[in-house]
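Look for subunit A in each of the two complexes below; its partner is subunit B in the first and subunit C in the second.
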Partner chain A sequence: MNAAYEFVTGPLAWIAWGIFLLGSAWRLISMYQLAKKKDASSWAFLDLGFSLRSIVNWLIPFNALGWRKNPLLTVTTFAFHVCLVAVPVFLMAHVALWTEFFGLSYATLPDNVADIMTLVVLAACLVFAGRRLTQKDVAYITTGKDWLALAIVALPFLTGFLAYHQVFDYQIMLIAHIVAGEIMLAAIPFTRLSHMVFAAFTRAYMGSEFGGVRHARDW
Partner chain B sequence: MRRILPLLILAALTLVAAQALAQESITKLAPEAFGKFQRPPALFAHDKHNEKAKLDECVVCHHGGADGKQDKSASTEGTPCADCHKVKPAGKATGLQRAYHKQCIDCHRAKGKGPLACGQCHKR
Partner chain C sequence: MGITERLIEDAGLRRGVSLLTPEKIEKTIVAVLQGETGARLKTYAETCMRCGMCAEACHFALSHPGDPSYTPAGKVHQTMSVLLDKKGRVDPDFIYGMAQLAYTECNLCRRCVHLCPIGIDTAYIMSTVRRICHKLGCTPQYMQDTAHSHASTFNQMWVKDDEWTDSLMWQEDEAREEFPGLRIPLDKEGADIYYSVIAPEPKFRTQLIYQAAAIMHMAGVDWTMPAQTGWDNSDMCMFSGDFEVMGRLKRQHFESAQKLKVKRIVMGECGHAFRSVYDVGNRWLGWRWHPVPVIHAVEFYWELIQEGKIKLAKKFPGPVTIQDPCNIVRGRGLQQKLREVTRFLVEGDIIEMHPNMEHNFCCAAGGGVINCGPPFKNVRVEGNAVKAEQLKATGVKTIITPCHNCHGGLHDIIHHHKLGMDLKFLSDIIYECMEKPEA
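Let's turn to the complex of A and B:
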């Protein structure tokens, strides 16, 4: 089992990070080229001020009309995204691995806090799933790709929670957790998770059009 | 002197026995310096481990050194790890958590034997 652990924390981790970083760069560059070719006018009115105005206003919970209209989604998505990023980055066990492999060390979350934040992520995934099933307008536009993205995100947290509490076979669960995390990293550029890379540009595009062309707010 | 000599020998023997017994009773690494533990203390049966790992030299683990550099010639058995490795180290010194992880995991990796992952030592 040590050999499997060393493989998933070694070569497989490098591959996953490589796919994530290079894939994200490739998606950004090819989207830039496509936008320049197919939607050249949008580049003309792209404006930093209007872009940042839109990004900032959408980053404040209940500030945008879209947030005020969907209070459950607003609370869920903000809590979800904060925990989704903070837990893997600041988890003590993850930082211990950065220290072990690269000598890096930085602030960590207390384990009991990270444990609750993991449950927040999983609960949010259930809310998202329920929304896709029960809310008609959302159900109508939901495809397999959305379910795939949701599953890819939920799995590292579910397996991480079970491994941390040492439920079932610890070593198998830990290896499953690491592989699930690596699948998530590698999937970011090529699935619905790519909004991690594109979200700021989507808002910049909308903000610039609403600010510079329609002279209206987009939040 | 003749009267107190047996007493001195007895006292010395008691000390040695106490030390040996204390060492035998080490089954986990739980230095008080950490304060409240976030995870269960690492399981470590000192004598059993060394027998299994065929370790006779104390200095293999109980090294000396300073400023983040190990000195494998100076044996420091009997000195608790936390005496030199502080929880929050200053300068280039190695912190206590890092010292334990490095000591155990690096050797296990090099030998291709023994636990590597968190929960293999920090068992619930």
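Let's turn to the complex of A and C:
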């Protein structure tokens, strides 16, 4: 068991982070090159100010028309994304690992708060899944790729929650949790989760077109 | 659910599809995807989270509650997503449905952009589908007829060169009775304003040219219209996917203005034409901005009013409502100016539709949909039941809308739903209310 733990927190972690960071960089750079080569008539209109204007306006809950028209999803997705990023980054047990391996240390979330936030993520995943199953317009466009993304995200939180509460065998659950987390990291550049890398740019482009050319809002 | 359950017979689509082979289809699709698309399409396809938020955006979807195949993402799902997944290996029957969907069930109005958190431009995706259909020779017959007219005459309605100048001189002649000394100056070099219109104006809406001339005359504008091709600023090729001809048309329009060394181009009250000149054609030609500045009639009238050059003898009796044309509102942000001009002209309230301004619903005629002709009329009339409800809720009799497509689309909606409302261009109202010479 110890050897397995060593492996998943050692070489496997390096591999997962490597795939995530290098993969994301590669996807961004190759997309940039493709854009320069093929999308000149779009690229020419990118504008930092209008990009930020659009991004900021979409980061405010219920500000954009899209958010106002989809209240359940708005509440869910804001809670989901905030917790999704905050929990793994600021969890005490995770920061302890950074300290152990690299001597890094920074602010942490109290465990009971992190616990609730984990439940928020899981509840949000249930809402997402529920929409995909019951809401006709979402069900119609749902593909395997969307289920895969959802599963990849839900698993680290589910296993983390179970491990923390020592349900089933702690050791096995812990290793499952670490592996699930590493799968998620490595999957980001190559699945629907790549929206983490690209969404800011699609938004920025739309903001630039609407701001600079069409002189209208895009939210 | 989906397009296969609502196919409509169209001679152009049927003939185009009958000539297809799987090899030709695959080759064409791959050529367009690889040659003409890049990071934009790729990121849209990959980062669309399939969240369905855009479903609330589209008047087609809202007018067909419970049928997800009309939602923006649902339409992409049935067309471009399939092409990408199958790498172009689809059969001719698929192309029929894909073409019908792309040409008649999306107005390229971009309302869905306002509801998509990722910022996906469904209109761009549908235009790319249309581009492929065009390359495959599968276009609706009526629309293709206008594209042929553009290609052979540089105008949309088969107007012959002499018919064009005859129409202008005829209108000048008529108007001189009411406005002694009025001219429609042809090919006047160095004029301040080059006025361009869409071909339906000389063909069957000549009163609009009369009215424009009257307004120019009374406002003392130094203006001209070209005697040669280039006068038609409309562009069905932009919508059929024939970008090569679109480029030729836009070049002709700009060059005819450049040859006359005019200061600015003012485009008549049309939305799609403005999109083609202001936003699309220039890019295809490799111009970031326009070689001659371009403004829409709404902005031009707004300027004339600011300068005190439009003098009213009376105001138009309200209340009225305003149909915001997508291409000058989401396409150019003219919603406030449109309201300021309207307030200047109208006595009484402007009863707004909701949603309005940048968030307006399209008339469902735009994006070339009305130009697909009679076979598809019900697609857009029934596909815009929400617009009928919106119009009815205002309770007014007059709708002001500075766009030819909006006029066509709303006209049919008003009749179908027996709303008994009148449609007005701004120039209709300016002409009706402005000071005229003593008779």
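Remarks
To be clear about the criterion, the second predicted complex is superposed on the first by the 219 of 219 C-alpha atoms of A that agree within 3 Å, B and C clash if a C-alpha of one lies under 4 Å from a C-alpha of the other, contacts with A are read in each partner's own complex, and residues count from 1 in each chain.
Everything below uses one rule, namely that contacts are C-beta pairs under 8 Å (C-beta built on N, C-alpha and C of every residue); 3 or more make two chains touch, one makes a residue touch a chain.
Being a predicted model, the structure only gives us computed values, none of them experimental.
Judged by the touch definition given at the top, the superposed model places A:120 against neither subunit B nor subunit C.
More residues of subunit A lie in contact with C than with the other chain of the pair subunit B and subunit C. Look at A:151: by the touch rule set out above, it reaches neither subunit B nor subunit C. In the superposition on chain A, A:35 makes contact with subunit C only, while subunit B stays out of contact range. Shared-chain residue A:201: touches subunit C; no touch with subunit B. By the document's definition of touching, of the two partners only subunit C reaches A:138; subunit B does not. Contacts of A:44 after superposition: subunit C is touched, whereas subunit B is not reached.
Residue ranges on subunit C touching subunit A, taken from their complex, read 1, 36-40, 42-44, 46-47, 49-57, 61, 66, 68-69, 71, 73-74, 77, 113-121, 279, 283-284, 286, 288, 329-333, 335, 355, 358-359. Taken together, the subunit A residues at the contact with subunit C in this complex read 31-32, 34-35, 37-39, 41-42, 44-45, 54, 58, 64-67, 69-70, 73, 77, 131, 135-143, 146, 192, 194-195, 198-199, 201-207, 210, 213-219. Within the complex, the subunit A residues that touch subunit B are 2, 5-6, 92-93, 96, 99-100, 105, 110-112, 163-166, 170-171, 174. Touching subunit A in their complex are the following residues of subunit B: 38-39, 97-98, 101-102, 105, 108-109, 112, 115-120, 123-124.
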